[in-house]
Every structure is written in structure tokens, then in C-alpha cells.
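Pasting the structures in now, so scroll down.
The two complexes that follow have subunit A in common; it is paired with subunit B in the first and with subunit C in the second.
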Partner chain A sequence: MLEGYRGKLASFLASKGIEIGDRIRIKKDSLEVEGILFPSFSRDEDIIVVKMDNGYNVGLKATGADLSLLSKRKAEDTRKPQSTGSKGEVKIISTGGTIVSKVEYETGAVRPALSTDEILEYLPQIKDIADIDAEILFTILSENMKPDYWTKIAEKVKESLDKGARGVVIAHGTDTMSYTASAIAFSFSEMTGPVVLVGSQRSSDRPSSDSSINLYSSVILAKESPFAEVAVLMHGESSDTYTIAHRGVKVRKMHTSRRDAFQSINDVPLAKVMWTENTVKMLRKDFVPRGKENRMDSKFDPRVFLLYYYPGMNPLILEAIKDKTRGIVLAGTGLGHTSEEFETVFREFTKDGIFVGMTSQCLFGRVNMNVYTTGRKLLEAGVVPLGDMLPETALVKLMWSLAHADDVEGVKKLMLTNMVGEFNDRHNEQLFPRWYYE
Partner chain B sequence: MIGITNSYSQGGIMSDLGIKIGLEIHQQLETHRKLFCSCPSIMSDEYKVTLTRKLRPVTSEMGDVDVAALFEWRKGKTYLYHVPDASSCLVECDEEPPHEMDPEAVKIALGMAISLHATPVDEIYVMRKIVIDGSNTSGFQRTAIVSLGGFIEDKEGKVGIQTIAVEEDAARKVEEGKNETVYNLDRLGFPLIEISTAPDIKSPEQAERVALEIGQLLRMTGKVKRGLGTIRQDLNVSIMGGTKVEIKGVQRLELISTIIENEVRRQKTLLDIRQELKSRGVTEDMIKEIQQVDLTNVFLNTSSKIVRNGMSRGKVIGMRLPRMSGIMGRDVMPGRRFGTEVADYVRVLAGLGGLFHSDELPNYGITLDEVSEVKRVLDVKEGDGFVILVGEKEKLNIAVQTIKDRLNQALIGVPKETRGAEEDGTTRFLRPQPGSARMYPETDIPPMKVEDLMEQAKLYVPQPPEVKLKHFIEIGLNNELANQMLKSPRIDLFEYLTEKYNANPVFVATLLENTLKYVKSKGGDMNLVDEGVIETIVKHVSEGRISKDSVADILIEFTTSNKNLQDVISKYTSISTDQLISLIRQEVERNRKELVEKKDKAFTILMSTVMSKVRGKADGKVVAELIRKEIEKLQ
Partner chain C sequence: MLEGYRGKLASFLASKGIEIGDRIRIKKDSLEVEGILFPSFSRDEDIIVVKMDNGYNVGLKATGADLSLLSKRKAEDTRKPQSTGSKGEVKIISTGGTIVSKVEYETGAVRPALSTDEILEYLPQIKDIADIDAEILFTILSENMKPDYWTKIAEKVKESLDKGARGVVIAHGTDTMSYTASAIAFSFSEMTGPVVLVGSQRSSDRPSSDSSINLYSSVILAKESPFAEVAVLMHGESSDTYTIAHRGVKVRKMHTSRRDAFQSINDVPLAKVMWTENTVKMLRKDFVPRGKENRMDSKFDPRVFLLYYYPGMNPLILEAIKDKTRGIVLAGTGLGHTSEEFETVFREFTKDGIFVGMTSQCLFGRVNMNVYTTGRKLLEAGVVPLGDMLPETALVKLMWSLAHADDVEGVKKLMLTNMVGEFNDRHNEQLFPRWYYE
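Entry: the complex of A and B
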């Protein structure tokens, strides 16, 4: 295998029987370098990447160099991560991402490690709090997640809870974690235990990773929480002090890289986990308690569109998606607006049975389309205001609703029903972040 | 230099020991930004935000955790970071991926590579070197090799250069507590150049010389930071039959040879101890069988404060060391015995205060009677040694194992360890040496092509000495002073001061090379004269506030009294030209008659009377000129 190598150099290496991980020698003028052939990340096809004995990698041009194979790589560790099938109190389902992974120092590869044994090896303290069972469902990057996979995750959750798990932890890439959280939330009308989605903002191959604290906290929460809701658990602040469990339909990734990127919007999080004390502190009383059974219906119709309105947007653009969608969620301006020019198009869409719902780009606060003329016009055109629902939550809910209603009126009814806490009718003064400069 | 180490060099033993020394020189670079973000590289104590973090070791593919990493984790420390707004951002907080590597730092390193005859690599790869003492928020230090090979000429022979790397400096330690270490993030990410020599250096003197030469070259790039702590030397020292031991953090060049001599002596003594233990028939099995025995009863009524304090937290135990009488008491370097070495392991790895051993007792309030009782309980026979430990039970258990491990190592020879340099030229155990397994690629940063930078890198190649010498002569230094300056460790300070204050080069060079020596010869405490003091003086002189003639007096007064520099300076503050003129006119009026009479001596008379009043406060040349003008008016 010659990962990353292309063109002439790749064939040359192959002809010499050299593969990644083999020990090679490069001689060039007065220089002689020995080391292990590393995968290439170079844009230059002529570069050989070698890990020297001091641990450093260097890139050297192959042209003009004398290259020889010194020894083949040691046999690979063939242990495959697998489920042990133990009846864990807490089930950990991995969908990908690198919440738990191992570095292969020889080649720099980062490999997910998600067998129960490997998790325990990574985080031995876990066995002091719960008997766990781990399983890899997918190994995909979270940006490649799709509704079909949500269904599979929901099925696995049901199976695990039915088998008696106290709670389920889903290890997930953070980019689309809140979409998956919403999808699982809408899929269950009753659960016997919580579903905790957990991720990390610093990959677990680094000593400073947030993954161990997040994973550890999620197991505490899955086992101990009094609620049976879908939550997203991540760092509560940049420090490693505590984690926060957000209600899955009210959470959003609000920062590209910080550990505390996930924030509840328009709502108070469910709980705070003090990982150093192994305790869960509930932050609200109106949670859904653990139920008697697991009732699941996880069907999604992906024929939807999320339209982020901007000044000057041409309404004709919507023509291109009309026959491909059954519903649109708008992220409109302010209280829920687009330009007046859209009125006609929306009227046409809704008449043809396409659902059009309104959320706000502001994210914080709720839409109100009665305040300004444009809003009233859009309402008349059939646009449905979606309260304080987040655009992404509304989109996932629309996929679920489209799969569970026959006509646009049915969809509208489902969209306006508060199923799992996606609407919050009371916003108090505290529900808005402030930035301090002094 | 300490007596006993001197005897090594004098007797020529040094050269027979097969000494191999390698240097690693770390120098902070003066670039426009930090290595991996856009923050300026400045120190700053002001902060509003603190972060609390934990670090955990990362397992390698082989399933083993790096020794050094695991060692830090076991301590279970919490790290507290001060986040200064002026010099750090989310990158230092480990909350944002690193930005592209600062090309300027790379160019400076390439410039050094050219001047050290090294071969730049074609593509630079940034690596993550696991360091989990908290000094990096990420848990690793980012580092990249820029060139391979090369050499520096030295009169004892060529010394190879193995690698030149650029890397980020670590966070600045503010406070070390038992369970918590506090760092300031200001220094984290400062660009550093690291130059590593091959183990070609054969003597302590050569090591010092090569360090000086490389330091000089670095300063001649004109792109390095100045002042204490901006350059740090690490040493790798081994003798034949010994082990390559890393010594970290040598900040003063003058200490290098002493440290090396001490380390050579330590390794030699450890090899002697091994020989001794073998000849006494001490074996690994014997050490394995050493048991801890509870000695709490022996010390119930002890008058030793240390023992009582330790007992209040736990108990006292003892270990009989079979056939090891006298071993713990062996001197390994000035002020350090083999027992001190073992005690360091106990301190660092088990978290205990230390240990008492048979070769130092009775002492520390432990009486002869208590020692006899300890010997009886431990069944210590003729030729045996023993140790006593006090403290918490858990720590004692770790300590017992640590001591057995260290004694086993004594049977093998010199343990592979990282040691820290002390101010007095001795060293102490810091941690086991990390394996090479702790490096893996920094995937957040794409490789950097060197070809595109080479042209600009040439601008940073330090000027060869001949060119510098010519330049010094051109700006007015005489041959002797120019040569002195060229060899001076203060060459960069000279250039910095002449440039920044547009100061007279001859004055600055004389100050640095001669005046300071003169002040020292007058009994001045030169530790008080840091670069800041010199800079202040030059500033005042070039701004005309003090006369350059008064500099020596100012420095002597400053270094021999307890006065603060500003107070001394104000005493010597120059009088203005106007004041000078009126003073001269006063003198002219007072002596008018005499002056008119002895016209040809008028200048001498005035000069001596005026100078007696303004010496140290006015430049003689200026006074002379003003007097001449006044004399012309005398008719």
C-alpha cells in the first residue's frame, strides 16, 4: 500500500517492493537519511516522506536520490475492534468521528478504537461507574451522515434499550450531531432511558482531548439520568471542569473549534455533569422521565430544502427545486421575513402542496409574522411560522413529518405540535448570551 | 570550578573516559508573530481569563503508553492557565487549530542552515511531540526539522550539526503546586530555533566554545530575542560504558563546562558503584527480596521534627540494603551523594520528601539510639546499609518499589534519564527519558515547500566574521576594539544599542569591552549589570543627559552601593550648555585680571577651574570648546 503516493514515484516505489511502514534509505549528495516510509500528504508528486529515527518526518525529493529498501515493516496488529456482546448497563454506539482513537506512531494513522476492551483501555475509570458494551455501527465522517443512517441509529437505540440498557451513548462527529439528535428525538414517542450523543472538538489522539471527559460524563449521564430524552453532551466551558447535556432539539454548534461550541438556544439545558464527582445535576424539572417501553417510528422523507434568505435573492431560484421538494424551511430575516417578491412563489408552492415554514436567521428569539406587512403577506401566501424552532431542527422535523402525513395540512399540524420540546413558549431574560468587552 | 572536578582535567582522566557531548541550542527568534498564530511574541502578565485543564497520556499502537507521558499522568495534576489578552488567542488555549507556520521563522532557520553548511529538507513537516507536563495546552509541542547535516569548525576539530528545527516555545511556569501547576500562556508559541550538534564534542571546554560560536552566529542573524531565558542549552553527555543523559535548561554559557565535568564524574562514580556492588556479590534477586519493615514504634517518641511531621501523615518504614554499606554515601558530584540520587527518584516518582540513609545517620534529629534500634529491627548486619522513609502509606509503597528499581539500575550502570541544570553547575533528576515513540504528524498544518523560501532565506544568513570586522572598522572602531567586539558575546547588544540609540559605536564598544571590566576590577558586583542597565546608560549618554566620561563612575557607584540606578544617574546628570556658558563666564569675570595677563595660559587655568566644578556632569571636549570661544572674546 502506498497511501498518498502518485505518478512516477508511486510506480518506482512499487517496483522496488517498498510500501508504507518499510525502512528505507535515501542517499542524496552528501546526505544519507534512514527511516520509515510515511504516507505522503504532499501536493508534490516527487516528495518522499520519511520518519527518521528521532521521530521527525521530513520530505525529500526523489529525483536525483538513491533509494533503497532496508527492511520490511513489522507485521500489523490485526486485532479488529468488535463488540464483546456483553449486556452492558450502558450501550456505546459509534457512528464515526475520532472520539476514541489510537495513533499509530509508525505511520501517523489515527484509527478508531471502539471495542469495549479498547474503550476500557483508553478510559479505565469507566468500569468504575458502569458496565459498558460498545459497538461500531458506522465509521463515517459526520458531514456524510444522512437520514437513512438516522433510521439505523434509531433502530439500534431501540434494540439496546429493549435489551435492558439503562441508557445509550452515541459517539458522533460534532458537525452534524445536532441534526442526528433531532432525528432520534422525533423518532421516539417513549423511551426507557436517555440517548446521549457525545463528541469531541479535539481529537482523542491528543493529550488535551476533550473526548475522555465527554465520554466519561456521557456514561455517567446515560446510567444515572432521571430523564429519557435525546441529549447532546459536550464541554460546558473551555476548562475541563464540567459538561452540559443539552436537549437534542434545542442545541446548536455555535463555534467552529471551541470545546464548549455546543449551546442550547432559546432553552435551558437538561443537566450538568460533574465528572470529577460522578454526579448529575438537573438544570430543569420539566424533563420527560424514563418510560415503560420504547416506542419508535423512524421514517424520514429527505425531499426538503433549507433556504437561507439574503437581500437580493432571486425568487426564480426556487423553480429549480420545486419538483424535487415536498417542503421548505426558510431561515428568514428578523421576525421571519423574505422580500415581498417571494410572496407569489410561496403562494404557488403552498397551493401545489409544498409545505413552507419560517424560522429566523437570528436563531435567538421566535418568529412573529404579524408585526410587519411583509410578514402578513407571507402568512397569507401560506408560509407557516415555526415559533422559536431552530432552522435545522425544523428541517429534520419536516423530513419526519413528511414521512408521517399525507397532505400539506397534515404536515402543518405535525410541524406545529410540540413533540419533544422543540418549542419553548416562554423565553426569560436569561436565555440570551451577552459578550463582555471590559 | 570545583576542586575535585579540576583534578579530572588536570590528570588527563577526562580524555581517557571516552566522553561524548552533544549540544542542543534553543534560541527564541524575534519575528513579527508567534509560530502558529497571529499573536505578537511578547511577555505579558495581565490576564482576565483562566483555564483549568487536565492532560492524559495517549496510548501508542503498540498499546504502551510512553514512559514520560505516563509518569506525568500518574501525578494526576491540574493545570491552570493565565490567558493574557495581549499575547494569546484561542490557538494558545488549544481552542482553535494552528495557523500556517510563520514563514519568517522558517527563513531564519534556513539562513542558519546555509551558514552551518547544512542541507535543507525539500518539504518541512510539522510534528507533535508529546509533552504532558502542562507546559503546552495541547499536550504536545509542535516542532519541524528544517535541515539535516552540516558542521561547525572548531580548533579541536569539526563538530557535526545533526538537525536544525523550528519549534514553538512552551508556556511560562508561574507556580508549581502539589496538585496544580500554573502557567502563563504568553510565551507559548514563541518561535524557537533548535540546533543539535552530533555527539562529536570531546571536552567541556570545547562544548562551551561551540555553544558560544553557535550563539554568536544566531545573534548575527539580527533576528533573535535578547535577554535572560531567550537562549537555552541542553546537553547530552555520555562516557564510555555510561549512558546518554539529557541535561535540560542551561541558561548560562559559563556553566556548561562545570555541568559536563559534574556529569562525567557522576557517570564515572555510578560505574564504579556498579563494579563495587558486583564485587560484593549484590544481585538482582537480592534487591527483589528487600522488604519494607514498619519502624513507627521505634520513632514514637522521637525528637526529630522531620520524622514527627511525616509520621503525622502516615508511618515510618525501613528497608535493609544488603551488602550496601557506604554505597549511599558515595559522592557523585559536589554536594550530592548516591543517596541523594535515590532520594530524587523518591521525591519525583513517589511524591515523598526524600529518605534517610545509613551513611548519613545519626542526623536530622535522629539519635544514635534510634539508629541502633532501627538496625536491630531491620536486622542490619556488618556491611549492610539501610534507608528510612516517612510519609503516607500509599506513597511509601510506591517509594519502596522506586528504590528497588533504582538499585537494580545501579547494577546495570547509568540510568537513562533527563536531568535539570542547577545554578551551581550540579544537576538533578527530572524524569525518565522519553522514548522516540512520542512523535506523530501535526495533521492540521500542510507541509511547507522549502524551494520557494530559499531565495529570501539568504537575507538571513549571518554575515561572515570578515565582513563584520570590516564593518566595525568602517564605523570607527580601531582594529583592536573591532576584533574584541567580534569575539564578544555582547556583539548583538553592541549592534542593537548603536542602532536603536544612534549611539557612538566607539563609546558603546568601549563600554561593553573595557569599562565593564574596569568596573569589575574596582570591586563592582557585575550580577547587577544586566542588559537593561547597560541600555539605560547608553540611552542617557546618547540623549546627552549624562556625559560619557561619567559612565565608569556611575557604574562603580551603582555596583558597589545599594542605590538604585536612576538615583545614581541623576547625581551625574549633565548640566546644559547654557548653564555651562554662564559658569564659564562667571569664572572669566572672577579671574579676568589674571587671565588677561597670562593670556597664553588662560585656557589651562579656566579648564582646570571649570572642570573641577563640572567633572562627571559635562563632556570635557564641550567644556574646552566653550572656553576657547570665551577666551577669544577676552581682549
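Entry: the complex of A and C
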């Protein structure tokens, strides 16, 4: 394996039998470097990357250097991370992502893994709070998540709760965690316990990692929570004070790198987890309590499109994708608008049985298409206003609805039914965050 | 004119010579209502809407009612709202939108207007702070704004500054105000004074209207500001305390209805306007000062597309729109990702001379495509990371860049040049707003 190496250098390394993770020596002029061959991501094909014993990585021009193999990498850990099959109080389902990535210090490679053994090794305190059963379902980066996988996750959740788990933790990459949370939420009409999606923004090899606190908190929540809803749990602040469980259909990743990137939009989160005290503090009383059985229906039709409107958008673009879609979610401007040119297109789409729903690219607040003429014309063209639903949540709900209705009227009815709290009718001043400029 | 009326009722009203704004009487059973005929937006074709003298609107079933015309609506105001031609210190260019909408109490119709006379009539205090010249350039709702109009606005701005205005105010609908702000910003490489886009979230007939405070503040800012940049000025808080001028390329409408909907993303705003004291308080020192001349180049190529990535997106959708686009801005997940399936499509696009740039749907933070494998593969496929630029700003910049470069390398170079502060390299903890959940 020579990840990242190309051209002459890759051939040269191969010819010497050198692979990533092997211990090598490089001599060049008066310089001599010894260390482990690391993957290279340089644009320069001639750069060789070595992790030295002092922990630093160094990149050197290979041309003119004398390379020698000192020793092959250590044999890989062959333990197969599998479910232990124990009837744990808390089931952890791993799908991949930063939270379950283990950096192999020997090679620098990032390996997704989360067997029960490895969790207990990584976070031994967890066994003091719950009996854990962990299982690797997928090992994918969340940007590669797909509707088919949502169904597999939902099935595993049902199986786990049916077997008696008090709650299920889903370790997930943060990129698309809120989409998956919505998908699982729409898949269950009743659950015996909560589903807690948990991720991390910084991998466990970094001092600022949020992995262990988030995972620890998610286990507390899965076991102790009075609610049986789908939640996303992440850091509550950039410091390690507490974690927050957001309602899965009302949360969004709002920052590329902060540990408190996930925030509830247009709604109050479900709970805070005071992880230093092992307690859950509910932030709202109107949650769905634990049910008697697990009723699941997890089908999705991915023939949808999320159209983000902007000035100058060409209506022909919509015509071009018409035959590939059964439904569209618009992220319109302001209260739910597009330019009036689109009225004709939407009228044609809805007439031909394609659902067209409106959300706002403002994210906060709710659409109201009765205020201005443009909105009223879009309403007349059959565009369905989707209240304060997030564009992403609406899209996932549309995939679910298309798989559960025969015609556009049926889809519309499902889209407008408040299934799992995706609509919040009670907005107040406190739901909008505060910016401070001084 | 019988806006909103259809079918039998429309024909019946027409046969009686009744139009919107006319005074009518409706008798039905024991009920008798007198008032002004209002536009109807009911789905029920039989509903007639009347504004009564007490100010309330009432909707009545027309079938079986006895309708009579009492008097025709008052003749329309025939003053032509035009530029006064005076060499005002502050030029106000009106493009339409809520801020310049005047509700005619007689008819309920919303009429965009902002002649100098009307402004002074509406906001007489303005003449105490500046000599105003106002002009109506367009009267459109901002959701109908187009790249062609941006050029016309830029030309009018140049003309006004060249004639000696200390600053220009552009009254604009809030829906697409930040897109226009970016467009004007990219159109000027030097300006002698500021351009202040101003809008309002609530029309002037509502007690909670922000129209007058925002307009008043924009005039103070246009006259007094030490900077010559394009700014968006709106309420700073939901209360009337102060207004804020955001850098036009770093601002976004973040709420559908709040008066403080506009917020700076990834940057500190330019200034606060303490309108009760007629003063401008700068929030940063690194602004662009007033220049010696006005250098404008305002061309846009609208053959772009803003693609908002989501799990399950079909790569064929991109193929379908390929022939309609010269460039794409992606709103990817997290640090700048899409599923790996898209790698091939993007490689093909960039090879065929279509620019593909990456922003993040998180909005806050910056893309970094070197952290995970997916990002690195997209980089190799030719996708260009666009730092902390907002997706909308990047899209407008792409339209400008496509009109100013011959090939994809030229476009890339322009896209990566920090022209007017669209990239901010100095992020800090304070730029992320705070959510409070208790």
C-alpha cells in the first residue's frame, strides 16, 4: 500500500518493497532521517513523507536521496471487531466517522473501528455507567451516506430495541449526521427508547478531541433519557462544560470545525447532559416518552432534488432534471420566494405529479407565502409551504413520503403532517442566536 | 382591475363596473356591509373581500348577496416620482421592496414609490441630516432581481458618485439584498464613497416597521462613513436601539421575518449607526477608505449553478445541466465534501473547462479539503476550495469572474483573489453567535 504516492517515486518505493508504515532511512547530502513512511498528499510527486521518532512529520524531495528499508510495519491487529452479542443496556452502532476513527500511531493511517473491546479500552469509564454492546454496521465517511444505509440503520435500531436495549447510540460522521437523524426519526412511529446520534469534530488523537466526552454523554443519555426520540448529541459549548441533545429533525451543522457546531434551529433542544455528574437535564417537557413497542417503516425514494434559489437561476435547469425527480424541495428566499419566472415551471411540475415544497434559505423563521404577490402566485401554482421545517429535514421527509404515497396529494398530506416534531408552531425571541459585535 | 377574483364572481363584478378600490355595499340576509373592495386571495372563488371603515377586512360569500357600487376609487396620484436632478449629498436609488412600498389605505394595494417628495413627506427629519436626491430605478420585488439589473444599479451608482454624491443608498427588497450587495461590491475596484443597501422587514403601515429607522440610518452612514465599501444596513437588534452596516460580501439574511435578520457570517460588521445620535461607530479599522475615483466593471455571466449537496443526490442531475453552465459553486457538507461518486463528474467538468468551487452548507467556518480522503480526492479532481466565502457570495463572484476570464485557470485565479474582503483569514471565537437554552 502506497497511498498518495504516484509516478516515479511510487515505482521506486515498490521496487524496494517499501510500503506505508515501514521503517525507512533517507540519506541526502549531509541529512539523515529515520522513521515511518507516511501517506503523502503533496501535489509534488517527488515528496516523501516520514514520521520521525520525535513525532514530527517531515517531507523531503526524493530525487537524489538514498532510501533504505529498515523494517516492515508491524502485523495488523487481526481481532475482528464484531458484536459481542451481549444483551447490553446500551447498544452502540458504529457507522464510521471521526468519532470512531482510531489513528494508528505506527502508520498515521486513520482506521474506523469501534468494537466493544476497543471502546472499553478507549473509554474504560463507560462500563461504570452502562452495560455496553457495540457493533460495527458500516465504516464509511458520512459524506458517503445514502438513503439505503438509513434503512439498514433503522433496521438495526429496531432489532436492538426489540432485544431490550434501553437506548441506542449511533456513532456517525458529522457531515451528514442531521440528514440521517431525520431519516431515522421519520422511520419510527413508536420506539421503546431513544436513538442518540453522536459524532465528533476532532479525532481522538488531538488534544482538543470531543470524541470521548460526546460518546460518554451519549451512553448516559441512551440509558437515562425519559424520551424515546431521535436526538443528535454534541458539545454544548466550545469548552467541555456539557453536551446537548438536539431533536434530530430540528438540528443542523452550523460550523465546519467548532465542537459546538450542531445547533437547534427554530426549536429548543431536548436535553443537556451534565456528563461530569452523569445526569440528564431536560430542556423541554413536551417530549415523546418511551413507548411499548418499536414500530418501524423505513423506505425512501431518493428521486428528489433540493433546489437552492438564487437571482439569475435559469428555469431550463429545472426542465433538464424533471425526468429524474418525483419531488422538489425549494430553499427559496425570505418568506418563501423564487422569481416569478418559475411560476410556470412549478405549475407544470405539480400538474405532472411532481411535488414542489417551499422552505427558506434563511433557515430561521418560517415561510409565509401569503404576504407578497410572488408567494401567492407560487401557491396558486401548487407549491406547498413547509412552515419552519429545515430544507434538509424537508428533503429527507420528502424521500420518505414519496415511498409512502401514491400520488402528489398523498405526498402533500404526509408532508404537512407533523410526524416527529419537524414543525414547531411556537417560536419565540429566544430561538434566534445572538451575535455580539463590539 | 380585479386582482385575485376569478370565475363567476369576477364576471359579475365586472358587469357591475366594480373594481378594486371602489366603495361598495353588500347586503345578505340581515347583514349589511359597506367598504372598499379589496383584492381576494381566497381559494374559494365565491369570496368577496371588503375593507370596512373600522379598518378590518371581511370576507363574505358572494352567492345570494346583493352588491352595489357606491363610488369609484379616488383617482390615482399622478405625480411622476422622478429624480429631482439636484446634486444631493446623498443619492437614494430605489429598486423596490418593502422599504419603499407605500400601502394605499384607500385600496390596500401596495405601491412601490420613493420620489424625493415622498421621502421627505414620509421622513421629514432626513432633510436635517443631508441634502437628498432620490430616484426610482426599478420597482421590483427583490425575488425578481437579475444579474442584468445589478449592472444597471452599478452604472447608476457610478454616475451618482461621479456627480459628487458623498454616498449612495440603494433601497432594496430584503430577499436577495445580499446577492445584489456582492454584485455591486465586485463591480467596483475603487469608489469615492460608500454604497449602502437598505431594506425593511415590515412595511411602513405596520407599527413594528423598521423602514424609517433603517432609511434614516442609511442616509447618516452614506454621508458620514469613512469607508467606501458596499454595505448592507439593517436593524442591529429586534428592538430599535441601533442599526448595523455589514460588509456586503459577508452578510446573509438569517431569518424570514425578524428585523435583525441580516447578520455577518465569518466576519465583524463595518459599523454601528447610533441613529438617535446621528453618529457612526466603526467596528473595525481595516476598512477601505474613500478613493479618488470610481472604477467600475460590472459584467456578469449567469451561466452558473449553486449545487447544494445532500445524501442520495444523483450525479446524473449534474450531467443533465452540464451544457447550461460554465461554472458551479458547491455547498458541500462539513469541511467541503460530497459523496465520492461525484469525483468523476467533477473531474470531467473541470477537464471540459467548467469551474467547480467548494463552499460549505454549514455557512460558518471555512472549508478545508485536506483533512479527509474525500476532500483530497475532490481537490485532485480539480475542485477549488473557496475558504470561508459564503455560497451566495461565491456564486455572484463566479458570475463576475466568468465574465472577466477566458479559461478555467483565469476564473480560478480571480475566484481565489481576495477582491473586496470576501475572504476573511482571521476567524475568532466571537464570530460564532451564541445560542441560549435554559
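What we mean here is this: the second predicted complex is superposed on the first by the 433 of 438 C-alpha atoms of A that agree within 3 Å, B and C clash if a C-alpha of one lies under 4 Å from a C-alpha of the other, contacts with A are read in each partner's own complex, and residues count from 1 in each chain.
Everything that follows uses one rule, which is that a contact is a pair of C-beta atoms (placed from the backbone, for glycine too) under 8 Å apart; a residue touches a chain by one contact, two chains touch by 3 or more.
Source: prediction; values computed, not measured.
**Q** Tell me which touches more residues of subunit A here: subunit C or subunit B.
**A** When the residues of subunit A touched by each partner are counted, C comes out ahead.
**Q** Would you check which partner chain A:259 touches, where first means subunit B only, second means subunit C only, and both and neither mean what they say?
**A** A:259 contacts subunit B only, not subunit C.
**Q** Which partner chains sit in contact with A:305 here, subunit B, subunit C, both or neither? Use first/second/both/neither.
**A** Touch status of A:305: second partner only.
**Q** With both complexes superposed on chain A, which partner does A:238 reach: first (subunit B), second (subunit C), both or neither?
**A** Both partners, subunit B and subunit C.
**Q** Would you check which partner chain A:368 touches, where first means subunit B only, second means subunit C only, and both and neither mean what they say?
**A** So A:368 only meets subunit C here.
**Q** In the superposed arrangement, what residues of subunit A touch both subunit B and subunit C?
**A** Touching subunit B in the first complex and subunit C in the second, residues 41, 238, 256-258 of subunit A appear in both lists.
**Q** Within their complex, state which residues of subunit C touch subunit A.
**A** Spelled out, the residues of subunit C in touch with subunit A are 4, 41, 141-147, 150, 174-176, 179-180, 236, 238, 244, 253-258, 260-261, 263-264, 268-269, 272, 283, 300, 302-308, 310-314, 316-317, 320-321, 324, 331-340, 360-368, 370, 372-374, 376, 391-392, 395, 399, 429-430, 432-438.
**Q** Residues of subunit B touching subunit A in their complex?
**A** Subunit B reaches subunit A through residues 51-63, 69, 90, 93-97, 119, 121-125, 127-130, 132, 137-140, 143-145, 148-149, 163, 165, 436-441, 443, 446-447, 449.
**Q** Could you list, by residue number, the parts of subunit A that touch subunit B in their complex?
**A** 28-31, 33, 38, 41-44, 47, 49, 51-61, 77, 102-106, 108, 110-111, 121-122, 201-202, 204-209, 212-213, 238-241, 256-259
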